[in-house]
């Protein structure tokens, strides 16, 4: 491997956007995001970090659904499990030293392990298509139903009361003891930077992943699992891999959400919550990481803005937005917008760097 | 789409209009922003909309009379859509972006628990105008709804005396239902009664065939119903249709869910409820309040206790600020500590208990007749929220910011 | 000499229907063998049994003397079998070149993969369409792309299930040339085919399958002259090519 | 001995009650999913719609059965309108159809709250009750069971004995072939969607007297109906009916033994197990046995 090979790792047919212009844009966005807290008010910083927290789950679903072709309707099960795990462990260990950070790691391990087990049960059990959605939805609903009734004092793990429908509160924020004994508490702008850093790393890592051999086989599986198998790949292993990574990312969202709000409730695993990631990803664009990332972020922002502006009309407006988006931009509005832009530019001048036939195929398919 | 846009524009314009009207009224001082965080949509919106109306009615009246300490009030409100994450989102927004120091809001215990840490962290003030399971000992919260000692320790002895000692309980399977069941069990056994069965039902369940059979099998003297939400209230219809004629007691029907207005008579016959407010309360101040309300909101089916509690909460805030001569939380709490923070609410006089920061209430026991008219069986002129103080919560000395239950008492 | 592939007493029943019935059949190494038979003779089922999409009700399949029956599909592919299915099995949303990359990447490095993709695209005449989504190719081109994917594995034994279905006569001829070229390179090829013109173009030996059994075997001329075969297949179905 | 008989009767009644609920709740969803591959997230809103129309008509003075039929018809017409305007664009895109119908459901629920207001008085359950030993049962629940069985019989006749049924089954098995044979597949899709919506409306109408009316009431049916459709598989007749029966027994038994929570959890666990063992549901399994 030489230095010149590195761009190859991040670019490929599985991701839109390549070339200097695109990467300069990415760098500009990261720089802008990094200096944003210097200029924004406190609420805007924490609100942006809050949106960012959900994007991990969206990216995970994008990997499972957009790239792997399996619609998981139950990412919230991993979200919730990791959230509860973080809560239980952090409350038991206390906020001293780097304990909350340790709790985060354990929560991720628990959420991911559960995703791996559930994925194994489904994928090696021959469940596919829409039934993956139904099983995952059933799991998250059963989990939510169960947690709802844990209000009683007998539902206690160590010092942590599960506390039923009302959820667990007063969960310690994330913090870590640095080597020199300096204590970093991830709140406000610090939490923002943590989320930003993790998002950048996750985005780049997923780009490498989907453009790797693994990603090639995964999209092949989405397109034609039989063919992939006849090329000598064990399809199930790749699907399980994607499902587990998606579960890991949902767990990351869940644990970070819990650490941010010091709070987790069963409702975060119930039906409306479970539908949300699908909406973000479907509306933003599922077959491309950048589209999922940008799309989810914008959808989260727009939904909140609509709720603030239109109060009780918000849900009507959100519903209409979904219908319209799916009608005119079935592949997601980000991919649609990129395609429109490139079509306009093609009319105006030489062929643009972003447009390619594969993109067109994506926007035309459902 | 254009209709939607019009809707959006219209509502945005309405919002602006309200703001500018309020601004025009204010003379020299800027208006005081207060946050309102109640569900306008979602499963319980039909019960929480009266809270929104009550808050607006109170603010309109107060502004028309010159505001608080010479400042008009301006409501900043968001619709959290029955979603706890949105409650948090908007509580932060209200405090951090809109700069409010006092929030009126949250209906379910879950939404209250979701925003309480945020309120505490920013040292803001939450008025929780909600009948609930009780037990929150938090200096940043003032509770103006009924609590179990006010509702159960009045209702249960009455029912046991009148109907008998064998009780069956059905309750929503979450914190409110479970803690209320704990209370019922405690009070019934203390009075020498017997709980024949306590059935917990998941939220959202609407089919009660098996439950009705279980009750028939147990043959209780009366039934305590603590079912919650739209789906679960179908119990009453199904029980009546199955011919389960049994006296019932509850802390949340009629006054909160106005089931006597929503079901066809005689479904709710034999229901007994203790609450601090019913629209039917016969008292001049209450009658005048009901008339003012219906003049402003002619389509309101029923002014439930949530609506009246929210209305009173805003007046209580006015009283406290005026006593303190300031909107500062510490000064307000100093006034609460005097034990003299009382107002004449539509229901009667209410005072804030210094130890628990919950309101005392005049409690009324109603029973429902076959034609769904109601009958006042008994009135307790003043019941204090004594339980928290009794178990050791004293907010004048210490602020644990905890929620206690009969099975989770403060460690001494 | 042992056969490259042989079946012994192979049987497959679906419910009450016997599709493959005590079949004994073999393919010699280095030959180009055609399998023909009327609709419902069990040709596609046989393929699916061999690659492990179905498991047999009874009997065995041996490849290079090794029992296949209990291996996974992937393991059979690794053992040196490759297949092109009847319906073009491509990745429609992915670019043509990437279709082949997926096929090649598990045995080659990045640079070699790229070179091999180019070579294969040249071989099947799709070099100009490398960046097109495969779904936008013509029907014949899709068949060729899948053939390219199948041979990219460098199999010892290549199965082609109706490679000319739906192709024009010209495309059919070009397909025949490709198959002959593969055979010249030393690949053993087993073709299921309806089109007798195509069979005449390529085949050395032919097996006729009927009701899940071997009905006749021989060179194309012998089979063509076999009146019993004509009756069950050529004559009665009206496929007189 | 009589106590045992009463116990048994009581249990049978519970099973029948849950069975009726599942058949009525799931019928409309199953037809739309089975025939068209569309997951209709607005299913619950059609139920709500039927309930509101029925209640409004009964309060206007019409008899309940007329109100129920009108409620079903109204929901059916709305269903056809939705199919013609939006859903027809999504036949090859099941997941997008899920998103789009979810959007419609959001608009419908909140729109209903804004337009219809919050609290409606329900019309009350007719027919009174009947007693056995300690127990008494609402007679109307038996009417529900009769309606559920009537729906199954009606669907059987519709799909097996009518021209629409033949066309519909042909369209379901192979749309392209059906079109080539002159079946008006477009119209069949619209009618099927309308039928599914009308069945949902019927469920809403039948249950309206026993429930509290609210714009979100349809959501109370959704989980159970999805579960039934999944366990049943694509075909209403060979799937929904047996699935409802099996699930009714499981739920009634779990509820009787351990309470409502485990009734619900038992249902969800059953789904996971059934999908694992019978990936195509009961109907797929029956088909294969028949093949």
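Which chain is which? They are A, B, C and D, in the order written, and residues in each are numbered from 1.
We adopt the following convention: contacts are C-beta pairs under 8 Å (C-beta built on N, C-alpha and C of every residue); 3 or more make two chains touch, one makes a residue touch a chain.
The structure presented is a predicted model; accordingly, all values stated were derived computationally and were not measured.
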So, comparing C-alpha centroids, which chain is the farthest one from subunit A?
C
Chain with Cα centroid nearest the overall Cα mean is chain A
Per the C-alpha centroid definition, the whole-Å distance linking subunit B and subunit D comes out as 36
Round to the nearest whole Å and give the separation of the Cα centres of subunit A and subunit D.
34
Between subunit D and subunit C, distance of the C-alpha-averaged centres to the nearest whole Å:
47
Could you please state the distance in Å, as a whole number, between where the Cα atoms of subunit B are centred and where those of subunit C are centred?
74
Touching two or more other chains - residue numbers and ranges from subunit B
41, 173, 200, 202
If I count partner chains per residue in subunit C, which residues reach a count of at least 2?
none
Touching two or more other chains - residue numbers and ranges from subunit D
110, 113, 219, 261, 264
Of all residues in subunit D, those that touch subunit B in their complex
10, 13-14, 17-18, 21, 110, 113, 117-125, 127-131, 134-138, 140-141, 209-214, 216-217, 219-220, 252, 255-256, 259-261, 263-264
Considering only the defined contacts, which subunit B positions touch subunit D in the complex?
41-43, 45-46, 49, 173, 199-202, 204-207, 209-211, 213, 216-217, 219, 230-231, 233-234, 237-238, 240-244, 258, 261-265, 267, 299, 301-302
Interfacial residue positions of subunit A with respect to subunit B in the complex
41-44, 46-47, 50, 145, 148-149, 151-153, 161, 163-167, 169-170, 257, 261-263, 265, 267-268, 272-273, 304, 306-317, 320, 324
Residue numbers on subunit D that touch subunit A, as the complex places them
39, 86, 89-90, 92-96, 98-100, 102-111, 113-114, 219, 222-223, 226-227, 230, 261, 264-265, 268-269, 271-272, 275-276, 279
Which residues, counting only subunit A, touch subunit C once they are in their complex?
5, 8, 13, 213, 216-217, 219-220, 223-224, 226-234, 287, 356-358, 360-362, 365
